[in-house]
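Heads up, the thing below is written out as structure tokens.
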Amino acid sequence: MPKNEIAASAFTAKRINISKGWYKFSRNPLSVLGLTVLIIIVLAAVLAPYITPYPEHAGPYTNFRESSLPPSLKHFFGTDTVGRDVFSRVIFGYRFSLLLAAVVITLSVPPGILLGLVAGYTRRKWLEVGIMRITDIFLAVPPLVLALAVTAMLSPKLLNQMMAISLMWWPWYCRLVYSVTSSLRHEYFVHDAELTGVGRGFILTRAILPNCVGPILTKITLDMGFVIILGASLSFIGLGVQPPKPGLGTMVADGAKRLPAEWWMAVFPALAIMLVILSFNLIGDGLRDMFAVEEI
Amino acid sequence: MLKYIGLRLIHSLFVLFGLSILIFFIARIMPGDPARVALGPLATEEQVQKLREEMHLDKPFPVQYYFWLRSVLHGDLGKSLYTKRPIIKDLNEYLPATLELVFTSFLISLVFGQVSGVLSGYFKNTWFDGLSRLVAYIGVATPSFAVAIFLLLIFSHILGFIPAVGRISIIMKPPPRVTGFLILDGMIAGQFKVALNGLKHIILPAFSLAVAHIAQEGRVTRSSIVDNMQKDYVAAHIVHGIPTKSVIFKYLLKPSLIPTVSIMGLDFAFIIANAFLVELVFMWPGFARYAVTVMLNKDLNAIVAVVLIIGAVFAVVNLIVDIVVSFLDPRIRLQRRGG
Amino acid sequence: MRTQVPLLEIKNLHVQFKVFEGVLKVLNGVNIVIREKEKVGLVGETGCGKTTTIKSVLRILPSPQAKITGGQIFYRGRDILTMQPREIPGLRRGELSAIFQDPLASLNPVFTVGQQLGDILKHSMKHQGVKGISKKEIRSKAADLLRETGMPDPERILKTYPVQLSGGMRQRVCISEALRATVKLLLADEPTTNLDVTIQDQILRRLDDLVEERGTSILLISHSLGIVRDLTERVYIMYAGTIVETTRTRRLFENPLHPYTKALLKTIPKLTGKGLSEGIRGRIPNYLNPPQGCRFHPRCDSAMNICRKENPPGFSAGNDHVAACWLFRG
């Protein structure tokens, strides 16, 4: 056998059995519900121009004759102060929220994993300590505060918001992967792999990384929710999606000024934010159960 | 123990130092000229240039940082470009209001979170557990500004019995300042009406901030209780005839509180951050509103100061949390001592 | 000769575990009798259901996964399985006690030894009707118990946390917790498996002396025949959730009947230096689909046709010697 295969066969790395995983996930009906809701939301967001009743309302549209109408069959969530359909805007608003979450996770997870692996596996103490202290510095302030500061300094718009949040987010993954890696560092299957003489990259990707998959996936799912909250919070302050584009946080902020009489302008976008976060959290819980080692 | 606290303290100082470099660096590489921001668009180029020299903006980055750090160590955080006042003065005015709000909310989340967590761990898979789980899911999924808006809508506008916004009714005269915490100051001065009025004002914003953390702490406590229930030592306690009540509330509770207490530092950080939003909704005259204002106005000096102050508060809270945890958990305490 | 009601009688006990793959039929008709002042061993490979057996007696099987699907467990003639839940703690505070395999896991990490041991003593004494015991008295009683297990400097140990103690010391603490004065039956689940060999011996001797002095009955569970040979009078051999053979300990070593027992005896390393001992071929069966008939037949050299079809009942070979094997039919 080539030595890579010997090394690979020595690993007790958890292999994910898809059907068993699905069984465990589906045992939790709430998680399945969350997944269903999320799929609907994603589909609706992607197809927004085709399925929303008034796609043109997602922009600088005004119709003052229909302004501030309460919810009705014609406008499920009512209309805003310039007569735009809140329902259509909420669906378009999901586009920005989901895009933000996807971009932040894509930008921050790979460097986080890489640095975590390096810090957890390296034999150079200075490198390990150095990386981990830098993550400490980033985590020394709540992410919202730092993201707020950076977005404000750059100038408020969605792109800057994405960059700012990504900049704040990688240390969480670095810590997670670091803790898994440094605890596996001295396991027998890692030593065995080292003894076969395969390269370090091989050990990291084939022996250690598979053990991080469960925690990382769970965290990503839960973080999608957090990032959406963060983005909505920044937008609420006015540092996100800029009008006339429909950001969910921005809509809540604008609607809040019309409380209590025209409550629908704030309440429905707020409920929409809750719904998407809730479904991510439910899925995350299901994933956590799925990757948990069961006791008999 | 002292050695452990000392080491933690050094670590916190190091982190704050690193944070100051990070935020100072970010502030300086950002587009925008602080001198121009300070003077406004109408100032002449010469005036701006003069201010740049005064603020050491014409020097390289490390030199700027050196001057800045030197004055920070002398207790001078610089001058706000927006309010044109020393930042220390601004903080002194706004910070106590925020801390009062944050501490109140922290206390609320602590009490409610623990009680609901212990009960739902104990009554696992009953209606109470189910209900608290449902509330927890919704609580975690609701941004604090949304909670604030819902509460505001329900209480002050529909039920109409709690004063809505601000820190105290306009007709009330605030008590003489001792701690800066209005409710405490009211009680110290013997003006209980004022204290009560302050309490009424703080309840809604404090709850808005607390909801997510009640939910989260409750779930952490619950799951650690459920985990620990399966431990051999619990079986051993039961087998040796210790009454169920004492197994649950003594032998199970103490180890189960450790994870919850450990995340409290993080909870505190999130409460501070969310105060930024909730203060806007309730027009709370606090630090967070100040911070948002200076940030929106690109007041770089104040932004750096704000971030550092929050970092410092967070560091202190984390230090306290670590000390409490090491008291709860002999494993940490003894390991640190014995090496 | 022995006509009185046995202290403990396990009759035809069946226990199942529900897992993802299906239902594990772990215990399949276990029969054990322990009389007063008797020292009994229970031997079998890891995973044969020894721990499940004593967990059933103590009523601490993990729920809802584990389920007792049949049988009775009589303690002094009363079925533990049908007792009211509120009666059980009294039994535990009084006559029934246990020591577990992993001494660190069975001590609470965030309470001192004194706190844990003292609390156990307090409730045990309350149960006996002793009232108004001072903290000082409990402390000195706890220290006495520790001293009896051979613990040096017990007063100091009472103030320490489990993590500060060595493995042997932890197990001494566990023995102190279990061996209160009123205990009549001690279930000891591999009490020394995790310890160094030299300490193992010390602790087992100490445990044996204490049991002897107090006239406590003990069910000593072990996967090692050597330990059982030294410390017990009678022994049960367990294989895959059933008792395959039982007899007086000495007789078992002189005249083992069941093929599994014979194979097990061959695994004891000999001091004559003829190399390593033989193992038993094959491995313990899968509880999901246990073999039809006798559960040992796939590994048995003398398996017959009937072994593949029917589970053998216990056949008496005289003198309290019973073997569940078709070889000894009639």
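We call the chains A, B and C, going by the order they appear; numbering starts again at 1 in every chain.
The criterion applied here is as follows: contacts are C-beta pairs under 8 Å (C-beta built on N, C-alpha and C of every residue); 3 or more make two chains touch, one makes a residue touch a chain.
In this text, all values refer to a predicted model and were calculated from it rather than measured experimentally.
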| item | value |
| --- | --- |
| Far-end chain from chain B, centres as C-alpha averages | C |
| Chain pair with the higher count of C-beta pairs in contact (A-C, B-C) | B-C |
| Cα-centroid distance, chain A relative to chain B, in whole angstrom | 23 |
| Intercentroid distance (Cα basis), chain C paired with chain A, Å | 51 |
| In chain C, residues with contacts to at least two other chains | 62 |
| Chain A, residues touching no fewer than two other chains | 295 |
| Shared interface positions of chain B, touching two or more other chains | 230 |
| In the complex, chain B residues that touch chain C | 230-233, 235-244, 246, 251, 254-255, 258, 328-331, 334-335 |
| Touching residues on chain A, where the partner in the complex is chain B | 30, 133-134, 136-138, 140-146, 148-150, 152-156, 225, 229, 232-233, 236-239, 249, 252-253, 256, 259-260, 263, 266-267, 270, 273-275, 277-278, 281-282, 295 |
| Partner chain C, residues of chain A touching it in the complex | 20, 23-24, 294-296 |
| Sites on chain C touched by chain A in the complex | 17, 19-20, 24, 62, 65 |
| Complex contact set, residues of chain C against chain B | 58, 60, 62, 89-90, 92-94, 97-98, 100, 102, 105-111, 116, 119-120, 123-124, 127, 161, 163-164, 174, 177-178 |
